[in-house]
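Following this message is one structure expressed as structure tokens.
Each chain gets a letter, A, B, C and D, in the order it is written, and its residues are counted from 1.
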Amino acid sequence: MRASLLTSTAAAMFALSFAAGGASAASKWDGADDLPTSPLACDASAAAAPAAAKPYDGGQPTNPPDKAGKEITLVDVPKLIGIGYFNATSKGMQDAAKELGNVKVTTDGPTEAKIDEQIKFIDNYITRGVDGVLFAANDPVAIAPVLKKALSKGIHVVGYDANSTPDAREWFVNQAEFNGIGKGMMDSMAKEIGEDGSFAIVTSTFTTPNQARWIAEMQAYAEKCHPKMKWLETVEAQEDNNLSFNQATTLINKYGDKLKGLFGMTSVATPASAEAVTKAGQCGKIAVVGLATPNAMKPYLKTDCVKSVVLWNPIDLGYAATYVMRAVVDGKLKPGATSVEAGKLGKLNVVNGSEILLGPPFIYTKANIDKFDF
Amino acid sequence: MSAAWGTDAAAAPAAPPLEVRDIEKTFPGVRALSGVSFDVRAGEVHALLGENGAGKSTLIKIISGVYEPDGGSILVDGRSVRFSSPDDARRAGVATIYQELLLFPELTVAENIFLGHAPLAGAGRIDWRAMRAEAERLLAALEIDDLSPDQIVSALTVGNRQRVEILRALSHDARILIMDEPTAALTESDVTRLFDVVRRLKRRGVGVVYISHRLDEIFAIADRVTVLRDGAFVGAREVAATNAAELVQMMVGRRIDNLFPKTKAPIGAPVLEARDLVRRPLTKGVSLVVRAGEIVGLAGLVGSGRSELAQTLFGITPSESGDVRLNGESVRIDSPETARAKGVAYVPEDRGVQGLVRPMSVLHNFSLAALGGLSRAGFIDRASERRMAEQGVARFSVKTSSVDEIAGRLSGGNQQKIVLGKWLANNPKLLILDEPTRGIDVGAKAEIHRLMSELAAEGVAILMISSELPEVLGMSDRVLVMREGRLVAEFDRAQATSEAVGAAMMGGTSSPGKAA
Amino acid sequence: MSATAVASPASPLSGAWRRLASQEALLAVAIVGLAIVVGLINPRFLATRNLADILLGNAYIAVAAVGMSMVIISGNIDISVGALIGVLATVSGSLAVAGAPILVSWLVPLVLGVAVMAAQGAIVAYLRIPAIVVTLGMLSILKGGLISVTGGKWITDLPQNFHLADLSLFGVPMPVVIMVLATALAALWMRHSPRGRAIYATGGNPEAARLCGVNPQRTVLMVFALHGLFAGLASLVYATQLRVIQSTTPQGLELTIITAAVVGGVSILGGVGTVVGSTLAAVLIAEITSALVFINVSPYWTDAVRGALILATVIADILRRQRRAARGWKR
Amino acid sequence: MSAAIAAEAWRAPRWLKRHETLLAIILVIALIALGAFNDRFLTVENLLDQGRFITETGLIALPMTFIIITGGIDLSVGAIVGLCAVMLGYSWKTFGFPLPLAIVFALFVGALAGFVNGFIITRVRVPPLIMTIATLALYRGLAEGVSQAHSVRGYPDWFYFLGQGSVFGVPAQLLLLVVLIVVAGVALDRTTFGRALYAIGANETAARFSALPVDRVKLIVYTLSGLASGLAAWVLVSRVTTTRMDMGTGYELDVIAAVVLGGTSIFGGSGTIWGTVIGLVMIQLLKNGLALTGVKGDATIVVIGVALILSVLIASSLQRRRD
């Protein structure tokens, strides 16, 4: 009786999930929001494609105190604290602060990437009183109200890494446009496994906006430029090392020789996937391409298990964000500007209205990886 | 084990194996014991008598090492000792059967018996084989043939769990065995068996401290009896040289002439008519009638299905088939709520678990079953709630500092009065009493019996379940006997003799264990 | 024994074994059944490699579930274990990187685990604060504490010989060895040693346990200490498996572990259950997670399906218990 | 009124009163101390602002208090919040319900989810903790499955009133919470329903033998818990203007922490709404106050943990001295 109950339920579940499975297989990745994708041109001249000059669409603080040239205190509220990536961005901010001399930045945020936690943090700092808020949004829309509140209190707001709705912040420092990442990832995967290779993806969760957008752009770009490559499957693994490892291993076991490549969409998933490939003794047979921080990837690059890691330099990202904030406060960066000076990074361009582009994503290889420590 | 006892008996020292002198014990607010002395000789049964709250339980808890006395001394074989834990007491050869069932529901009978002193097979591992064998031996010693060492205790009836308790105490090769109300849950036949064992123990030189409210038992088994009242020593008697009246007077400090004052009441129309009630496993087609003003006694062995029948009538375990009429109206009692709505009240067997919400105040216990009547639109009318409780306390002479006292802190008798009062607050037409006087002192017992008569006189129909035959015979207008889930005999007051009823309960050879 | 004749159809096993057997039978059946079903759909699932990986990747959960079962059987619960494992893993890794002898970096987490859990056990047992409160507090203490100390900096460049999980004994990978040994030893100990039985007694009826000469407080303290030891072991497997230690507390791990314990048939009301059951349950849950990928369940639905299957297992187990009790009544 | 609850509560009123009073005192001291450090903390604006943040957990904490008083627990509340948020967004965006209907539908789903918990707990007699651990996974999974992990945005402005608007300067949702606190407090203290909760928690068998509708009452409290989670989802979505399946993650522990901190015995049989409210306020204001005083988030969590253990420790030691 119990066995029957169990198996019957199980059967029911399987049935249900097959149905669902079929449904979703057909469904197209649209980045968990319903924004359109904009794949870049297939040839290398991606940068050449000029973004149509969009008018400034950011928000503005209501009569902020004039602190031009004066000491300012900033708070940086990343998606979550305690992961390598955001440690790196906050390091960049400290570097910039040191260079500028008249900026104080503290990084504080939730220990888990929860929208409402992040909102509470920002709200607390608004009450506490700061001159500017730097943020990386867990959700572009959810974070908007509290950011608008900051603006209304005359606090400057600049985003980095993960954007909010434009009118909720003044500027957003864009590490690399979604379609840029999509192109970079797909091209390097194609280079490693060939135009007819099949691959799978390990991501954090389907709800994480950046990852979702990237995957959407990857799919769009692949359809356009690598039509013969086979997209096997995408699995969730949170921001959890062991879970990512297990999921990657499962994929390897499931597809065997069919699987030629693994994408890691987060700085957690990529090293874990590489580890899985290593443990499975598939180095060289299964390529791992993904976003990751150098330190975690060193072992795998050294053993040639991973050829290249796609990532902008998060230190530069934090660094740039701080410079942008300073420029905003000093009135050097006004709506309509087309570029901004960002210290050692030189001149950064303003793209689609109120975003500042950090530059093309950075490719780490065995050769240059030792130059980085984060 | 017999060997061990034999030697003990041989080397029985002059000093009594256990003696306590001038024991003092005070709890916050309460003087539990003042200057109580008491001793047990090898091979005697020494009965400890007293109303609830007289200090019996405190005394035995001290003897068995649960409490430490504030003053006085405990002597084992004349040597003064200090019990700081039940373990110390046990090592000194003192084993105790507590009134509350202290068993491990999910473990087997054998394990329950030997928990804490399991036979070891070396490398500190338990020797299950030996444990089973030992358990079998003890079962044989008690002539219990319907229990297996492998049964899970959670699946046993109250009566059998009690037996496991006894077996556990016996398993300690005790020289002093304390039995606190050991027969409370036992049937007449179990009691006789128990007495056999007790006598066997006596012959082997074991001293038994025997606590019971049932005078007849004391006269049946005890050699000496010590009476406590309000935590003080009242007196000790050789059982041979005393009588019930004297003991009762010593206990209650007043004379109670008639323990069972069932007064004649006019018997009216049927209140309860049940036909072919079936609720497996223990109610198999029962038909009975209880009339207004009538007290019907329901006798039977533990496990014969008496309580199960009561709980089916009350809707705890709704009947699977058969029909019930209350005051002529055919009703389907599918839950206690409907039962109450139809004027049925049930005073359950297990006061502590089923009857009372111990941590709640007397006030809230009183109103618990009558909340509907005390509230408007779901809101409790506190004034009338308090009024009701205070009237109840007065009417049933519940001894409590105030209605806000925690019910669990009152003595058994007073707790029982609260449970009874709680139900009478609903003015029931049918009152089902399950062991209404188990484990409560003579005074309270008499009051409850008087109350039953009053209620009958007021025209309430009463169905009384009791394992105490004298009570059944004394209180009932009619006696029904239940066995293996069926009603097997009916006697009216005139015919009902202990022999006849007893015989019907035993039904010859079959024992409860074989039921179903 | 007319009664047992009815209760247990000529079973030579003792009651305890009978229960235990049937309890694990349920899970064993589920594990095998699921494997077969999935194997039919996708034979690759049955590849030794895959089955091995399922065990390897989740051994640490099973190990932790052993300790958790003891805690639950003793009538308590522990919410902090997930965070603790994260902390211990970090400590172990940092030691190794700091160049401490490998053995030290392996032993310290065990000791520390025992210490932390024993402390909680002491508060629960002697200060009589409900375990759920203490461990809930400890959860946030460990979680917050770890991040404030490490800043969440990943631990990398771990020395080669640190990776205990990569070793193997007679060809059996270490995580599996540890899982099996931990389960077997715990099971035997809980079954055959008086102290082990004391855990069941304490969970089943503390008052009675006390009167039987069992000291419930000491038992609870001991149980928590052991739980800490198993948490330490788990953290070792967890930490030495990958080349990177995240040095944050794994999210929701405590729930996974508790789930394994209860699916394993450990009654939250205390007094019942076996660690073998919890280990089987941990394996089953891991198997389900992997199976769902193999049979192409939409990734969006995997959690729902897993939840439903867990619920089904639990309900089945409860029903089985109830029938047993009923059987006992019809004597 | 809430003071009345503590005073009139049935169990050893003396210590109960002291217990809440004690908590209240700790709270006040903490507030003053924190206020001394930072002049922006004890401002009406900030305190009202915090009101917005406690509403979601507060709403759930009320039925959770009931459940814990009956000796049960509900770990699935956070997952139900996620499920309801998704249901709200999807019935509106995808199924094309008018938004008010979508809200009602979400509340209904919440109540249903709670009902399922209660039903299986009472009928199959699955222990609440086990049941709700299982549904915690199930409901969260359903939220993800239904939403296909998409978030729903762009609600009409009127919808944001509950989460972001104010009435006479008081956050709208805070008013809702206060009203429900009063209702719950009265229900627990003055009604037969509340009395039944205590009786069930203290001795379920006796409650059943006293003809109290034990199973129905349990069914109700778990359904209420689901409903409250739905309400919380509504408030949350309205506050953060978007719907995601991962909403409400981890709420269960926050809520339980508040309830036990408020002196409700996890073993059932005792507790008050008043205590729960203090527990809620204490945790939130501690977090806020510490943050304003410059303590970082991670350190704040540590403080909360210590506070939880210590205050329960103190309270219970006082209780033992009383009994």
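The rule is simple: a contact is a pair of C-beta atoms (placed from the backbone, for glycine too) under 8 Å apart; a residue touches a chain by one contact, two chains touch by 3 or more.
Because the structure is a prediction, the values reported are computed rather than measured.
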item	value
Between chain A and chain B, the fewest steps along chains that touch one another	2
Chain pair with the higher count of C-beta pairs in contact (C-D, A-D)	C-D
Length of the line joining the C-alpha centres of chain A and chain D, rounded to whole Å	34
Approximate Å spacing (C-alpha centroids) for the pair chain C, chain D	30
Distance from chain C to chain B - Cα centre to Cα centre, in angstrom	43
Per-residue multi-chain contacts in chain D, two or more chains	144-145, 148-149, 296-298, 301
Residues of chain C whose C-beta touches two or more other chains	143-144, 147, 267, 298, 300-302, 305, 308, 315, 319
Listing of all chain pairs that touch each other, if any do	A-C, A-D, B-C, B-D, C-D
List of chain B residues in touch with chain D within their complex	314, 316, 335-337, 339-340, 346, 348, 353-361, 363-364, 367-369, 371-372, 375, 378-380, 404, 406, 422
Footprint of chain B on chain C - complex, ascending	1-4, 7-8, 14-16, 18-19, 188, 192-194, 197-198, 200-201, 204-205, 207-214, 267, 271-272, 324-325, 327-331
Footprint of chain D on chain C - complex, ascending	77, 79, 123, 127-130, 132-134, 136-141, 143-145, 147-148, 255, 258-259, 262, 267-269, 298, 300-308, 310-311, 314-315, 318-319, 322
Parts of chain B lying in touch with chain C, wherever the complex brings them together	66, 85-87, 90, 96, 98, 102-111, 115-118, 120, 124-126, 128, 132, 145-152, 154-157, 168, 280-281, 513-516
Complex contact set, residues of chain A against chain C	1-3, 5-7, 9-10, 13-14, 16-18, 20-21, 23-25, 81-84, 87, 111-112, 206, 233-236, 238-242, 245-247, 249-251, 253-254, 256, 268, 271-272, 275, 280, 293, 295-296, 298-300
